[in-house]
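Shared chain: chain A. Partners: chain B in the first complex, chain C in the second.
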Partner chain A sequence: MEPEEIPTFNPNVPLRKDKFNSSQLDFLTNFMTLYTAFSANHVALDATSNAGNHNVIQLLEQPAGSTFQTDLGEISIYCKAPSNTEGVSLDQGDQIFLKYQGNQPEFQLSAYQIFAPPIITGGGITQTPFFTFLPGKVLLYFGTIKCSLQGLGSTNAPLYLRPPIATNIITMNFCLQGNNAGYPPMVSIKTANGNGFYEVLYLQSTDLQPTPANQTFFYVVLANI
Partner chain B sequence: MSYNINIPQGTDQTLQSQKQLLSNFQTIDSLFGANHYPLTGEQNYQGMHTVLTMQPQGGDPPTNATQISLYNKLDINSIPALFFAPNNSQTPIQLTYPFINTTSTNTQQYTFVAGPFVIYGGKIKNPTNGQVITLSPTSNLLYVGLTRGNSKTLSARISYAPTPTNINSPPSTFTINYENVPSTIVGDIYYLVIGQ
Partner chain C sequence: MTYLPNIPQGDNSPKNQAPLIQADFSQFASVFSTTIGSNKYNHSPLNTMNQGDHETIVLQDQVTTDPTINDNFACLYAKDASSKVGTQPQLFLRIPKYLPNQFVTKNAPNNPMQLTYNKVNTSGPIYQSFLAGGYLLFWGTTTITSPAVSKQITLPIATTEILIAIAYPNLTIGSNLTTRVSTTIDTNTKFTIYLAAAITGIPSPLPLTFLIVATV
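And now, the complex of A and B:
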């Protein structure tokens, strides 16, 4: 027995020769399809209030390289899987992209996923890391690090960037906690690892402005993904 | 023919309504196809969106106690921006800033956060004492933080921490200030600035 075909929306009914009797099923199918489709993401057509409003916005992944016409006065929002300039996937899952009026270049609004990386300890250092993102594929690493910085020629204190997905360090900033705090540290950046990611910064005190031992800093680092 | 909500009339002949009904179904199919997965496509995806193309609104839409709104409205410079309206018609928040530059090869970049506030980040290579840094796009600078970089440089290691001075004088600028050092190379400086 052949499986029963599910009727779908047919924009080409009724035909000129159709009698209403013969078109009734087509009408019913079209109206039911409309009702069902509109009920996804939208307040139902037969709702007593707010009909036409959205309940949620589910954005279907758009193919890489897809573009949208965004005229003057308009803003376009869509989702796709981020890729690098060579079109290679960045394994971030689907993310939200924005395109401003007049077909300006798109930019990535969301990035990656947010989670709390584990606290990093060792060598007398305690780092409590967090991260979030900013528009334009920018990661914002932040948190606290407690360490004893040494002066000229001494070992630096490592500050780890977790998750290690930064392809370029844009900037960073430090603020010292507590009374009798010394001066903010200097920073050196280790070269990227074999995969092109920056995993660690090194903090150091100066001879002129030594930082007390076991000093806690708030830190912020901006980096490109 | 455009969409006609008033058909068929009870007095319509079959022949007369056919064109109008056909036009309505085709119009619905075409219009719903904008921003949405097609009505004629796979049923699991019908009603979902491919893109949200948002037309500018003349004002802030009212929201009740259980609603929020996302919409496009012209900002103070008459440029379209994405806004978020909290419930109960509370004060809307501008989510986007009309410009962004996060090209990773640039040493000076900027992005934004809701408000909107502009987040500037960058590196000044071998700045001099008293060097004025001008940030673009122009904004009123609210926070300026400096960090010494390139600490392998001997002159950086024996320098004092730089401080920002003359903030917003002239507008959208700050001056790098070192205490008690000659105006020679003192290593790089990273800046993190928030403006509005």
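And now, the complex of A and C:
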């Protein structure tokens, strides 16, 4: 079976020498092509209301390294596959980027794929992790961890950063859960793994006051990706 | 005036076809120059310097439908999202592909991600914004006045669930001794900050900061 011929928009019709009735097919093709193309993202041209509004905005992946002209009075929003400073893909899928007027530096609006990491248990520790992203390639890890902390020199309680894609820990904060006020834990950051990602923090009890056994902490960690 | 994608047809004379073609061209011009008051919507008008650009983009509510991603593109769209303040269209993002990759082996589906919420509070005393994924962020400052050693705080809007409640004192006592603090999540709108009663010399009122993350 021969493949069905797809009508192609031709902006150069009709020609001056054409007779009107001989241009019928050209008109048909162009009007139908415009109609079909416009309907991909928009309310159809022949809709009884809202014609021209958007149903969805499909942003095609722009080539890595693309630079866009964004003049005064404009904001550009586009889609690219994020890469690191060496141009190596970060395997994040396509993400949304913004560029403000006057060709200001672009920044990444979305990052990664949000999902619910599973609860982590083991060694008497229960961690309920969550994460989301902030504009600018920043991840916000947060959740709760229930553990029995030891003092300095003792075994540390691991707090896992899931997904493990943090390349730089920016800041963090902890708070005890419950009505018995206490000190937040001391936290140590080990070196990054072989891929350059920080996967785990280690919690210890402060020497100021022993932390009760099976204490739950709320935590929040900001990191670059 | 209605756009007709299937014109001209048959053996109509040019006299009869011309108005139909004019109507289609006119509809293009009209759709590309939607203006209400002084505001332009969707696309920049034809025959202007910015033709082909977008003005204010109006997204029709897709209600429950998510786009299929079958190539290298990302989709922005509006879909109904439920929260404790009702069901309203919010801005969603869906990206084309995802895990596993060379660093993370968990196979997470490319689920649509809710980017927005219908309310922010920038005037305090409890500030509020939103995070991608259907989360709400609250933060602010408060004080606890002696002899009280706790204070319950009510969020300005209801959430589905408060996930974390972090509080921290703004002062240090003596040279390096920070006041002890803890929190409890009481309901989907309330949390309580506790101070250690045993420490003497705490300034009163004691200022504290707090940070809350909740689900919409």
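Note that the second predicted complex is superposed on the first by the 219 of 225 C-alpha atoms of A that agree within 3 Å, B and C clash if a C-alpha of one lies under 4 Å from a C-alpha of the other, contacts with A are read in each partner's own complex, and residues count from 1 in each chain.
The criterion applied here is as follows: a contact is a pair of C-beta atoms (placed from the backbone, for glycine too) under 8 Å apart; a residue touches a chain by one contact, two chains touch by 3 or more.
Since this is a predicted model, take the numbers as computed values, not measurements.
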For A:Leu34, select first, second, both or neither according to whether it touches chain B, chain C, the two together, or no partner. both
Would you check which partner chain A:Gln101 touches, where first means chain B only, second means chain C only, and both and neither mean what they say? first
Touch test for A:Leu134: chain B only (first), chain C only (second), both, or neither? both
Looking at A:Asn173, would you say it contacts chain B, chain C, both, or neither? Reply first, second, both or neither. both
Quick check for you: in the superposed arrangement, does A:Asn55 touch first (chain B), second (chain C), both or neither? second
When the two structures are overlaid on chain A, which partner does A:Phe9 contact: first (chain B), second (chain C), both, or neither? first
I'd like to know which partner A:Ile114 touches here: chain B for first, chain C for second, both or neither. second
Both chain B and chain C contact which residues of chain A? 20, 27, 34, 36, 42, 50, 53, 57-60, 74, 134, 173-175, 183, 208-209, 220
For the complex, which residues does chain C have touching chain A? 2-9, 11, 14, 17, 21, 24, 27-28, 31-32, 34, 41-43, 53, 57-60, 62, 67, 71-77, 93, 95-99, 101-104, 106, 108-111, 113, 115, 131-133, 135, 149-150, 163-168, 177-178, 180-185, 192, 194-196, 211, 213
Provide the residue numbers of chain A that touch chain B in the complex, in ascending order. 6, 8-16, 18-20, 27, 30, 33-34, 36-42, 50, 53, 57-60, 62, 68, 70, 73-78, 98, 100-101, 107, 134-138, 151-152, 156, 167-168, 170-175, 183-189, 202, 204, 206-209, 220, 222, 224
Over in the complex, which chain B residues touch chain A? Could you list them? 14-15, 18-19, 21-22, 25-26, 28-30, 32, 36-37, 39-40, 43, 45-56, 67, 72, 74, 79-82, 96, 98, 100-102, 104-105, 109, 111-113, 119, 121-123, 145-152, 154, 156-161, 187, 190-192
So in the complex, the part of chain A that touches chain C is made up of which residues? 20-21, 24, 27-28, 31-32, 34-36, 42-46, 50-61, 74, 79, 81, 91-96, 110, 113-115, 117, 130, 132-134, 140, 142-144, 163-165, 173-183, 195, 197, 208-209, 218-220
